[in-house]
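Look for chain A in each of the two complexes below; its partner is chain B in the first and chain C in the second.
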Partner chain A sequence: MTNFSQDELLKMYQLMVTIRRFEDRLYQLFLQGLVPGTLHQYQGQEAVAVGVCSALQPADIIFSTHRPVGHGVAKGMSLKSIAAEIMGKADGCAGGKGGQMHLTDVSVGMMPSNAIVGANIPIATGAAIGFMLRGEERVSISFFGDGAANIGAFHEGINLAAVKNAPVVFVCENNQYAASTHISLTMKIENVADRAESYGIPGVIVDGMDVMAVRETAEKAVERARRGGGPTLIEAKTYRFMGHSRGDPGKYRNEEELSEWRSRDPIPKYRAYLEAQGIDPLTLASLEESVDERIDEAVEHALAAPEPDASETYLNVYAERRK
Partner chain B sequence: MSLGNTTEMTMAEALRDAMRLAMQEDPAVFLLGEDIGIKDGFGGGFTVTLGLSDEFGHERVMDTPLSEAAIIGAAVGAAMVGMRPIAEMQYGDFVFVGMDQVINQAAKMHYMSNGQVNVPMVLRLPVGASRRGAQHAQSTEAYWMHTPGLRVVCPSNPYDAKGLLYAAIKDENPVIFLEHKLLYGGKGRRKEKTSIDPIMEVPVDAYEVPLGTLKEVREGQDVTILANMMMVYRSLTAADSLAEEGIRAQVIDMRCLQPLDLDLLSEAVKKTNRVLIVEEDNLTAGWGAEIAARLGDEVFYYLDAPIKRLAAPDTPAPTAASLEEEYLPTTEKIIQAVKALLEGG
Partner chain C sequence: MISEIIIPDLGATGGDVILEKWLVEKGEAVIKGQALYVVATDKATVEVEAYRDGVVHTILVQQGETIPLGTVIALLADSIDEASELVEDGPVRDTTIPEPEIPQITRNRSKERILASPLARRIAKEENLRLEALNGSGSKGQILKRDVIAAITAREKPGSPFEILSESLSPMRKVIAERTTLSKSQIPHFYTTATIDMQAAIELRRQALELAEQRGLSKPTINDLCLRATALTLREFSVLNSRFDGDRISTYQDINIGLVIGLTEGMLIPVIQRADQYDLYSLAAATQRVRQRAEAGQLRESDMGRGTFTISNLGMYEIDSFTAVINPPEVGILALGKIKEQPTVIDRMFVIRPLMIATLSVDHRVVDGIVAARFLTAIKHILENPYRLTLDTPSDSTP
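Up next is the complex of A and B:
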């Protein structure tokens, strides 16, 4: 039996369903030509963002990637500000300057998401060093994919965090593919987490399709970091149900593999778990309905929102001196 | 201007003093880099941080692994949560190992987040050719000037070094702070063989030289020479020689390249009508190219001759003394360039 209250369990379900349905809606909007640029979507990986972020305190911060919608929603960003940002509108979270890959809401601990693979690993480490130097019991999270495990910043950032004992947790969402390239073509070892040993920190593998497992693993790592125990590398084995980005039909993945992972879809799995805990399916259905309403509202808001004025181009290049 | 209490300082001492005062004043200021605080070590590549770990401890004078991307990236992350890191590259050339963290991260975070985060960090880079060859010689101004979001500072003397570094630490943006290896004034075994090592009376207290300011270091009516760091000294020596021949050269120390005080330059050119830009780094797309183009726009009709640029040729920096001498703008080359400019008018 779990230690979590029913409200907490339902909150996690609500977040997972929100991410899935919101991403699905954004994809429709993209197909309708209402999203400029590109989309990198999170469907299939919801248990990771929700499992990790639900283990955090509000003052903890996360550093996300080019695939940030799940992380932003899980950390508490408003759907309105995300939808508007992705559609290039003035009241998006970054006034339309960021776009799909650069979602930010510092007020909820969502630091600017980063579209350079692996770059947030040393940055999250630096934030954690800042917390440590100030004696604050805050934790910084770096989310990244399996592709990032092969870039220099991964090695440099994790090693620095390890030797400085920085309060940071590295969360590798191993969805098996760096764009179209399977991990077996880029790593001679099976598990990214195995690399932790070479930095002298714990490496933990968790089923990234199981939100409760992710949450429990994340809580241990986060509390360890908060108590001064140093960083952990978590590898969540997961799968993205969509292509890498827009216009990627994912032909490099076979139907068998896809259906195997779809059968492990984290949302029905968690729903079954909740029902087994005695939660009324009607409660879940009404929760889903309210999620749909919030998504409708956010999308309508974003569609109606004005585009940023051209003069905004020139603002916030440099920060003003503090008074 | 009264300087208050002053004491003699080298560049290295002046830079150290700026950091010490900022650290005493603000617990958010900390240093990170390779070999900067090791006990009985050498205080970074050029002694600048010597003694600071004794005063402030090894947490605030943080020695790091040999990991440029992590040093710069960690500075970015710490700055984003309200710290004021000062990161050091042992040699400026090593910054290219961590270039993503400067160009894609430090420079763009404020903009991409629409002002939600600031990155108040300083990245100190020892630059300039000093008989060490192509990978320990570059001055790199142009890379930073090209990237919106960065400030670019390149002092030539201890007074400016202290005041500009102190101002850079207070600034809310990432500041690329270039320090010339032949100007530091390291002592004993750390002294550079061909160095100039200026020593000046420098105020003991903290003060700022505002970022974005240039300085006329010699008055003159016939020609304006724009130079920074080491090239300021060669230009001043050249100006002395030219004066003996009756040529009055104005020299402006280009100690800040971003923000750029184009107005000051335009006013200078309106008086002298001739411009020579002296750059230590390679010619093509160097910092002077941008300034020449801007002045061409602003004051074309005041010019009596085309703007002349004297820079290193488009080769990597060679090592041997005879080759390096050929590579760098020398006093003699500056004199010849000024004369050609005057004859050309």
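Up next is the complex of A and C:
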């Protein structure tokens, strides 16, 4: 029925469950007062990060946002380095200086996440043009939210990518709310993807709660970009189950809307799909267990990890002067 | 197991938050994810959820209280009967320190639960500080991060090679810091200096003192003479009696001169309102009054503010000259040094005269060099020919 091997299918499930449970655990740590910075959580949107990143090669790179945990996990970052970073520890991926909004591991193609809304769109375009100029068959991904679609950089970045035929895929995770503002209050059109036409590139709408749909859509866009076909704007309709950030009670959303989206939770949905493919529920259960173990390990590691040394406050903060 | 319910770092930009409402009561069973309490930060009102299942064992902070982030506000247990001394190991692995074994010198001290935020516990452990030795500043004497940091700081102070005394700014020092920073960062200062022969002014003052003595008037000081000379000159140079407002220059009708009064803890600039309207004796009385009030810390609202120009005089010290910082939003300040007997040349002869160096600072956005030079020259001219100080009458108002 599907073109994907069982291993590939399970890998996607494992990543989605990892993101969900890891984020839940981070929230718990936050409530315990162990997270010194902020949290912008990804629960609900897992199918987007996992669907897109599964369509990538290791050499492809992604640019994330202020909500980067899902993207980082999906692209292969270690949970330890994320957990330690979020707790401000020395062995966090940014030495504890970046916190939750600044996750990175260039070795797996997770470029430093950029918390400025929409700011990564031109940067991802620039990286893609770089690949093109160097003759590398690599693709760059820009993840952003619906709020970013109304930022000037959205227009500038996508337009430039379109005219340069840059190998970049723009993934708008439309979770309906720019912080607390519903998209209907900021856009007169219904779909962000409709804007692609004005740049002369394909715009595709996909169900962001369906990881297989996201993956198939992303694969087409990524392969098109890799072959020199230029950029695509994918709009994944999705929902975040948590507030915008810590301290956001999310009261601007009503119960009805919340439960409607919760009933479309991408993880049970994908689980049902896998079982329908004949995958043994026991396999899934043991996979979930091993996810929990890895999360426990990462959190324990982060809790025990050393604080950054005050003497290294400015280390890696400013660039070295070029000789 | 007993766990602490704390106020997490909710992204409030202010310091403390208000525990607005408890949504559970003592003894109530709660499940993970259930809202426990409502807290109001300066950004939002937020419900905070339980991170584990349990029973509300103890409520430590009542609703309505204002508390710092990180405060432990309740204890969550497996059952209501769970004794709280069982929690010595703390709820969070690797973050709580086991209570040290204390010999039973104090009565049952080790049985008593010490309330501390997890972060405070962790830092204390890393720094080898005993929680018992710390004073908690949180609600119910809870030990917070700031208490541990204070203890660390206190510990590091003695013997430190950089032993320093650090104290927070007094309100006066704060204002001085703000205003001088504002002035020096926004106003392009420009300076002119002139040496003024004060012989005639000293002679005039001597005569004025005699008259004051006879008539029971206030005795003018040299500073009063300089003040009056400046006030009269400002009548003719209204551009120095103005303020710079970005795209316009506003000139004041009144000439209100601020007088810098040095105090041990800082300085004040009381203002002589309409300083050009006084004769020398009433001016002397006015400056004496504000000086006394400034030194006694009894300046009135009417003594402060609305200044249009300032004079700073360090003539009582061994200071030849100095440049003063403009008092915004004014555009000029005159700095006077000590009058000294100096050799100078008059009519091609060396003579000894009492000389004073006056330095004018102006805002170059408003006042150019030539205007500043003419203004300072005019003051010099009046002080060297001081009959003007007595000829001008209050009715000689601005043309």
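We take it that the second predicted complex is superposed on the first by the 316 of 323 C-alpha atoms of A that agree within 3 Å, B and C clash if a C-alpha of one lies under 4 Å from a C-alpha of the other, contacts with A are read in each partner's own complex, and residues count from 1 in each chain.
By definition in this document, contacts are C-beta pairs under 8 Å (C-beta built on N, C-alpha and C of every residue); 3 or more make two chains touch, one makes a residue touch a chain.
These numbers were taken from a predicted model, which means no experiment stands behind them.
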Fit or clash - chain C, chain B, common chain A: fit
Determine how wide the angle is at the CA centre of chain A between the CA centres of chain C and chain B, giving a multiple of 10 degrees. 50
What is the contact status of A:304 with respect to chain B (first) and chain C (second): first, second, both, or neither? second
Determine, under the contact definition given at the top, whether A:28 touches first (chain B), second (chain C), both, or neither. second
In the superposed arrangement, does A:247 touch chain B (first), chain C (second), both or neither? second
Determine, under the contact definition given at the top, whether A:189 touches first (chain B), second (chain C), both, or neither. neither
Please indicate which partner A:38 is in contact with in the superposed arrangement: first for chain B, second for chain C, both, or neither. second
Just to be sure I read the superposition right, which of the two partners does A:179 touch: chain B = first, chain C = second, or both, or neither? neither
Identify which of chain B and chain C touches the larger number of residues of chain A. B
If you stack the two complexes on chain A, which partner ends up touching A:315: first (chain B), second (chain C), both, or neither? first
Between chain B and chain C, once the two complexes are placed on the common chain, what is the minimum CA to CA distance in Å? 5
Complex interface listing, chain B residues touching chain A: 27-28, 30, 59-60, 62, 64-65, 67-83, 85, 100-101, 104-105, 109-120, 148-149, 151, 170-173
Touch list for chain A against partner chain B, complex: 61, 63, 93-95, 97-98, 102, 104-106, 111-112, 114, 116, 119, 121-134, 140, 152-153, 155-157, 159-160, 163-164, 315-322
Residues of chain A touching chain C in the complex: 27-28, 30-38, 245-249, 300, 303-304, 307
Touch list for chain C against partner chain A, complex: 3-4, 6-12, 41, 43-52, 70, 91-95, 117-119, 126
